[in-house]
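A short write-up of the structure that comes next.
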Amino acid sequence: MDASSLRALLDDVAAGRCTPDDAVRRLRRLPFSDLGFARVDHHRDLRLGMPEAVYGPGKTPEQCAAVVGELLAATDGPVLLTRATEVQVKAAMAAGTALGHAPGTVADSGLFATVVFRPAPARAGTVVVITAGTADLPVAHECTAVLDALGFSATLLPDCGVAGLHRLLAELDTLSSADAVVVVAGMEGALASVVGGLTPAPVVAVPTSTGYGAALEGVTALLTMLSACSSGITVVGIDNGYGAACAVARILP
Amino acid sequence: MDASSLRALLDDVAAGRCTPDDAVRRLRRLPFSDLGFARVDHHRDLRLGMPEAVYGPGKTPEQCAAVVGELLAATDGPVLLTRATEVQVKAAMAAGTALGHAPGTVADSGLFATVVFRPAPARAGTVVVITAGTADLPVAHECTAVLDALGFSATLLPDCGVAGLHRLLAELDTLSSADAVVVVAGMEGALASVVGGLTPAPVVAVPTSTGYGAALEGVTALLTMLSACSSGITVVGIDNGYGAACAVARILP
Amino acid sequence: MDASSLRALLDDVAAGRCTPDDAVRRLRRLPFSDLGFARVDHHRDLRLGMPEAVYGPGKTPEQCAAVVGELLAATDGPVLLTRATEVQVKAAMAAGTALGHAPGTVADSGLFATVVFRPAPARAGTVVVITAGTADLPVAHECTAVLDALGFSATLLPDCGVAGLHRLLAELDTLSSADAVVVVAGMEGALASVVGGLTPAPVVAVPTSTGYGAALEGVTALLTMLSACSSGITVVGIDNGYGAACAVARILP
Amino acid sequence: MDASSLRALLDDVAAGRCTPDDAVRRLRRLPFSDLGFARVDHHRDLRLGMPEAVYGPGKTPEQCAAVVGELLAATDGPVLLTRATEVQVKAAMAAGTALGHAPGTVADSGLFATVVFRPAPARAGTVVVITAGTADLPVAHECTAVLDALGFSATLLPDCGVAGLHRLLAELDTLSSADAVVVVAGMEGALASVVGGLTPAPVVAVPTSTGYGAALEGVTALLTMLSACSSGITVVGIDNGYGAACAVARILP
Amino acid sequence: MDASSLRALLDDVAAGRCTPDDAVRRLRRLPFSDLGFARVDHHRDLRLGMPEAVYGPGKTPEQCAAVVGELLAATDGPVLLTRATEVQVKAAMAAGTALGHAPGTVADSGLFATVVFRPAPARAGTVVVITAGTADLPVAHECTAVLDALGFSATLLPDCGVAGLHRLLAELDTLSSADAVVVVAGMEGALASVVGGLTPAPVVAVPTSTGYGAALEGVTALLTMLSACSSGITVVGIDNGYGAACAVARILP
Amino acid sequence: MDASSLRALLDDVAAGRCTPDDAVRRLRRLPFSDLGFARVDHHRDLRLGMPEAVYGPGKTPEQCAAVVGELLAATDGPVLLTRATEVQVKAAMAAGTALGHAPGTVADSGLFATVVFRPAPARAGTVVVITAGTADLPVAHECTAVLDALGFSATLLPDCGVAGLHRLLAELDTLSSADAVVVVAGMEGALASVVGGLTPAPVVAVPTSTGYGAALEGVTALLTMLSACSSGITVVGIDNGYGAACAVARILP
Amino acid sequence: MDASSLRALLDDVAAGRCTPDDAVRRLRRLPFSDLGFARVDHHRDLRLGMPEAVYGPGKTPEQCAAVVGELLAATDGPVLLTRATEVQVKAAMAAGTALGHAPGTVADSGLFATVVFRPAPARAGTVVVITAGTADLPVAHECTAVLDALGFSATLLPDCGVAGLHRLLAELDTLSSADAVVVVAGMEGALASVVGGLTPAPVVAVPTSTGYGAALEGVTALLTMLSACSSGITVVGIDNGYGAACAVARILP
Amino acid sequence: MDASSLRALLDDVAAGRCTPDDAVRRLRRLPFSDLGFARVDHHRDLRLGMPEAVYGPGKTPEQCAAVVGELLAATDGPVLLTRATEVQVKAAMAAGTALGHAPGTVADSGLFATVVFRPAPARAGTVVVITAGTADLPVAHECTAVLDALGFSATLLPDCGVAGLHRLLAELDTLSSADAVVVVAGMEGALASVVGGLTPAPVVAVPTSTGYGAALEGVTALLTMLSACSSGITVVGIDNGYGAACAVARILP
């Protein structure tokens, strides 16, 4: 709740258009629906310019369907389901279709799926998502699906790891023209440092849990990216393709 | 080296304005000066829009002075010295003054100093740097000094930790008007999550090594920020005020 | 064994009402039943005001049934089974019903179940259990089930994470009227800090293993809560809803 | 800010005693003083029942003196300085005396000092602080000094580690009569588990960084206490005697 | 190979009873059988007083059977199979029975089994194995099975965790009469410290991976035991009941 | 791309044999095929003397088959598939056979398989791969299969752990004659230190995730090998038999 | 307190030789002196066969002197001061001499000192303390000094690391004749595994914080020793030479 | 001791040229001198082709001088002192000069010094040591000093971090002509991956403790290098320039 809406409410009170008791009640009637097990945040889109994605893990298929349905019905903004299992996706899709929304982008990695039920209007801004290896694709696909939901149309450059620098250098032009770059890399995550040295654009690095042994399920790539010798690289959590897409939405006006 | 400069060079070769041997030599004559112990990167400003800061640790005062002098003499861009000790600062200042440059911003935390010898021209963009506690100020000051070097004039909001939410809410207007927010917090680092929920602007979180015991010298705040429930927050390394400022420079055009 | 019962025993010896040999024997006849694989602690309720919950993992269904049966038959206090699998629950319920006890509260998260066979008499004290997200509900439900067994009737406030502060602020009155608050949060666990700053009541924080990647299976939330900038917050182990309920029972007289 | 004060303000607006603009201004005029580098929280005592202790590390002696002075002058509640160095203590004491406040309890461990400038009125409640070894005394003394500031008069039982159970059992009566017990232990921290099994009172465990090698600077004791087999023990951060005292203040009404 | 057998061999060479070439060959003909995938160590019993247990993980059922058969046929010492799955046990038992050896002790925890095919002759020495909870029994049973294979007949005291000290104190006489004590405990592992303070006998502590969350799969108990405030406690690896039994065999002559 | 090929291209431009535009295009036409999801690196063999192995995890069986087929068809160098599941192996084998390549070495550990479709020509150099236990064999077999693909014919010495030094000393001659030694060991990994003290040849140590509890899934062996008191031992990642074979290929000319 | 002394006390009560009140008092009059800051344990020698060493860290020189003096005056058993600084040693020595006790063994590593004021009578049993390198000597000297206090006369074999196996094998006879072996090793700690394979005697391994980088201040050696492939090795905490000596005292009757 | 020398000894015994007792004695008279606190290994040079460097930490200046003197006097091979303080260097130099050896290479980083008293004869093989930043120079200098002692003359390429790829690419020719490359890098250590993709030569990576915060004192660079996506890179311990040089000596014949 920001100052201007508070001001409007107080004006109503001062003008007698709203009693103090009503004002307290309205201040309480906050912009979310209480489903019992979840509080759906209808104003997040307005407040932060991004939707509250429905996060699958820990929810029953029915709960997924209920929250997706509530969001589709009660808001106008983008709606998406993330990290969902096959059963969750199925239940949520039924709910969406019942409301007249056939899902758009569906990124299904086998491990988890991202489903966009209603995307935001198209936004300007050239976004490049680049991965070190093919094993990083599930996370990259989550990122591009969420970018899609947010109105961006991203270019995906897979398999550009630094072990063969020429594969990366061949994409220099594409990199150079990007307004924001998301680097998705597991194992040692060195790609972020190298990309950071090649472009002045914002670089959001996503460490992935790709690799085994000393890759420590993404911790190695995470530490690498946080310690990158190229200045000004920022990092999101391990395997957090969703978070990287949201970071891009904050960055590109 | 990008495609267009390569193209220009090849045009020269094709036109006979440059022999193949010269071309190879020019391709080798890369944009840095070799001081023996360091390779000063003159083109970083052009390439990435940010200066190569002289990083103090591990350099003798003489080396600091030499690199600062080289950068001031051979480039036009911003020049700064970071994480420097008192002796390093003194040596570098002497070198700068000898070249006619009186340092501008000097942020000295007692632990380490940041010195701006030549700032970039002023850039648009409202940047807010907010800290959880007073103990986070050294890192915040490094950040604002580097922002200064990069041409930004940041607003510093100290001591807004979530233990007293009203201190933060009192600054809602300032936060709301920012084009980019840097959150500097140690201990449990919860401030980043809360700020991320209050503004749609890009949020760069800097975990600090403030606190003791379970704060694990910044690792706790780092993990908190990476796991923040507010979407789209990005993170830089522990105590890396410098990196956060550079990230802002990448973000704000 | 406390000083007064020792005194009573010694009085008996001095008065000849008890021979020294009998006294040694009685001092040995400690208040537990030895089932061969487990020593059921009949006096824990008296000694500590809380039941010895039967902890499921590592016990066969038969062992669960045997211990539950022993406790129902030999004591008057509350009896509950925690972290049980479906098969364990079934076996224990059969044993309970055979003894005339139909279980009351059953909290089944799919991952593990908590079953209350006999609750303690109702106790005064307003307890609020608040969660950051829906994924924290299994742990919160374990907590409320155990509170139920201990005689408390807790209010559950789900999905109040700090990414949308208004959801939390809408519950300020409920929070303010609580005699004890249990905060259940995974990911970055920042909710504990914010709640701690809003209420003077005891706050018991339960980190959960919700989230992925840098959430480190609850370690991140744990460290956050231990480093909370709000003073006087206490913490129990990861996913330990049971422990939080017991802590409340120690706190509220 | 709670609902009742909001209600009062709205009543004023409705009654014309306060214009909407003034109301917004008053809602902004939050209960802290801005010293430039710190925001002194005058209402914390009212809001949370505990003072905002001045945390020494990272502050100059002058800043310590300024905050202590501000708190003594502008509030009526308890004022204390924690984790302070000798120089900080000296500066703050001068400020306090200038305002007519001679400090009461001073706990100086050689490592850091806790100074109580003005205690809260005496409060009921028997608090026992028990340590495993003499090396845990600095943390225990911080705890008792803060308890003193909060109005409690704690009993300190030093050197009761479980290697010699009889030392602990000799204090059973004292333990049994306590309304709250703080266990301060480093090395393996087993004392918390044993004490938890001997008393039904709330037990707040403080791991200390006592010990070397596998004690891992307190992490071992911390993990031990979090995993304690005695139910309902709560834990604060490593070496956080201050936090334990505040937790007691939340617990004892 | 020790000095005396070398001396004997050299005497043979000096006496012409053995040619130098034969001596080299004999020095090479080392006391193991090469099965291609494993080198069965026939002399380990002689050299170290303990058998080479066949460690199940990573071996096919056929390999388990082959090694067990080889050991039963070629040596006279104790033979046992550890950490075996049901299929491995079945295959090895068939091989043993074919050789006329019906296995004696079989400890099957559901997780893994320990099978003794041929025990060592009975040895003197009173060994007590004590566990904190019932969940520690699988590891304790591995330990007692291996002690059985080594000729010891251990007393098992289950469920004596320190949360109910009286359960432990009731066994003081049994503990006092032991020549060696093995403490098996997970969660916080405090039992080792307390037992160490009650007996002057050697105490071998086995941390177990019992517990969840902050128990960190045994690391917490391990650290606790290594930092135990009772002096002279020694520790083996997590869940290593086998190692503890071998340590006892080294200790008791 | 090295200087000489660049020189040749520039000569062509200078001689008019190649227009500048063509040169830029050729510089872009980098030596890989873009399969959409992967960039197959045809020149890796030339550039680094080793093939780009197809890494199974994260690829569909169809993707495995496609990349293997592409490599077999478009290059002359060695082709292999690593860390593949049964289904991946089957799909890739079909693709290989379709192209007339029946796979040679197939190392299948049950956990993962390594398949060599086309080995490099035989190379000189005696390579010994030595393991501490039989449980280390899967990793050792990956290593020998990759060595086979690289043209080496390695000697495998299994089960030579330091608990029975004589098993190792019996192989001294084989060890002494090796041009490179790969030590594969889990648990405590001490074999690497001992082997390093017995041979002057290059020693590449591979920690394995063999063992349980304090073996920490290979981290213990990794740390041991990195801290080895024998000088000049080098280490690759946990379970990285592939990497060790490649390191040998770099070492032996 | 064991059953027999309890029995004797109860006999006295039954016989009227002791009133119940006196009995309670005597049960309370536990065998320690309360010095205010420490509880000196006079009966530890009787109870556990080993003295309560005065642990230096965290005690003032005066406190060290007081405890040493108390122990020398009130007991007959061995008295020693461990991990003491130069000032602590000086103060304690003055106290000891004042009581007529000139300290015997003094092991001063520069880092910390161990002082034996009164040793136990000589005990049988051959103890060997073996170190991997010279840098492990401070810990080994602490161990031998404590063994001296406990009545043992240990043989020290320094610098026998496995990088030069012959140095170790040259001491095979000494090793073979030992009743107990203490292995003191830092870096990778492999010596423990090798020694464990060469002797059937009890092996107590002490990891040291020797080494840098990946040695992780002793954690690497600790993990190595816990995972040793030689069975039956036991481990004490990092740098805990004192604990190893006490373990030997428990082992050798 | 290898088979051929054993054979020769046995021949002597068979021929009566050596009695069995003498043979045992000679087998014992191992190739080291026992200085009491250290066993100087005279044959390491012969056995492993590399000297036993005198490792400074934990030795008194006198001990350093004694070992250096012993090695200079009793062997012909290379002698060097590593990780020495100024006082240790001074003492050792005096000893060396007294024996007629003026030290050659002295690499003094301020943190620690490496001194070569007698180098090995010059060896063939082009070795390149490349660093990411100037802060990595101390470790790189240790490496080049040890390479000097081993007879190599290495080329040092400082400050080639991947943030400015052109600095690295400018040295492609030097890299390409190397027989072995040592990569010394802290922070994120990405340089190793990139260099590994550019050269087919053996790459030995040395992580350094350069950097702060998330660089975790070298652990980040270590993990990066172990997980490098370029195949066949090997790694030594953190800051272990000495080990890298020895690894090169094993690799280059």
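Every chain is named by a letter (A, B, C, D, E, F, G and H) in the order it is written, and numbering of its residues begins at 1.
Everything that follows uses one rule, which is that a residue touches a chain if its C-beta (ideal position, glycine included) is under 8 Å from a C-beta of that chain, and two chains touch if they have at least 3 such contacts.
If you're wondering where the values come from, they're calculated on a predicted model, not measured in any experiment.
With contact taken as defined at the outset, subunit A and subunit G are each touched by C, D, F, H.
Counting hops only between chains that touch, subunit C reaches subunit G in a minimum of 1. Its interface matching that of D-G in over half of the contact pairs by residue number, A-C stands out among C-G, A-C or B-C. Taking B-C and B-F together, the pair of chains sharing more C-beta contacts is B-C. The distance from the centre of subunit B to the centre of subunit H, with each centre set as the mean of the Cα atoms, comes to 37 Å.
Averaged C-alpha coordinates give centres for subunit B and subunit G that are 53 Å from one another.
Separating the centre of subunit E from that of subunit G, both taken as means of CA atoms, is a distance of 26 Å.
In subunit A, the residues touching two or more other chains are 3, 133, 164, 197-198, 213-215, 222, 226-227, 230-231, 237-238. Applying the touch definition to every pair of chains gives A-B, A-C, A-D, A-F, A-H, B-C, B-D, B-F, B-H, C-D, C-E, C-G, D-E, D-G, E-F, E-G, E-H, F-G, F-H, G-H.
Interface of subunit B with subunit H (complex): residues 1, 28, 30-32, 36-39, 41, 44, 52, 55, 57-59, 63, 83, 207, 209, 218, 222, 237-240.
By the touch criterion stated above, subunit F contacts subunit B in their complex at residues 3, 6-7, 10-11, 13-14, 16, 19-20, 23-24, 27. On the subunit C side of its complex with subunit A, the touching residues are 133-138, 158-160, 164, 166-167, 169-170, 210, 212-215.
Within the complex formed with subunit A, the subunit B residues making contact are 2-3, 47-50, 53, 172-173, 176, 197-204, 222, 226-227, 230-238, 240, 242-243, 245-251.
Residues of subunit B that touch subunit C in their complex: 132-133, 161-165, 187-190, 193-194, 196-198, 211, 213-216, 219-221, 223-231.
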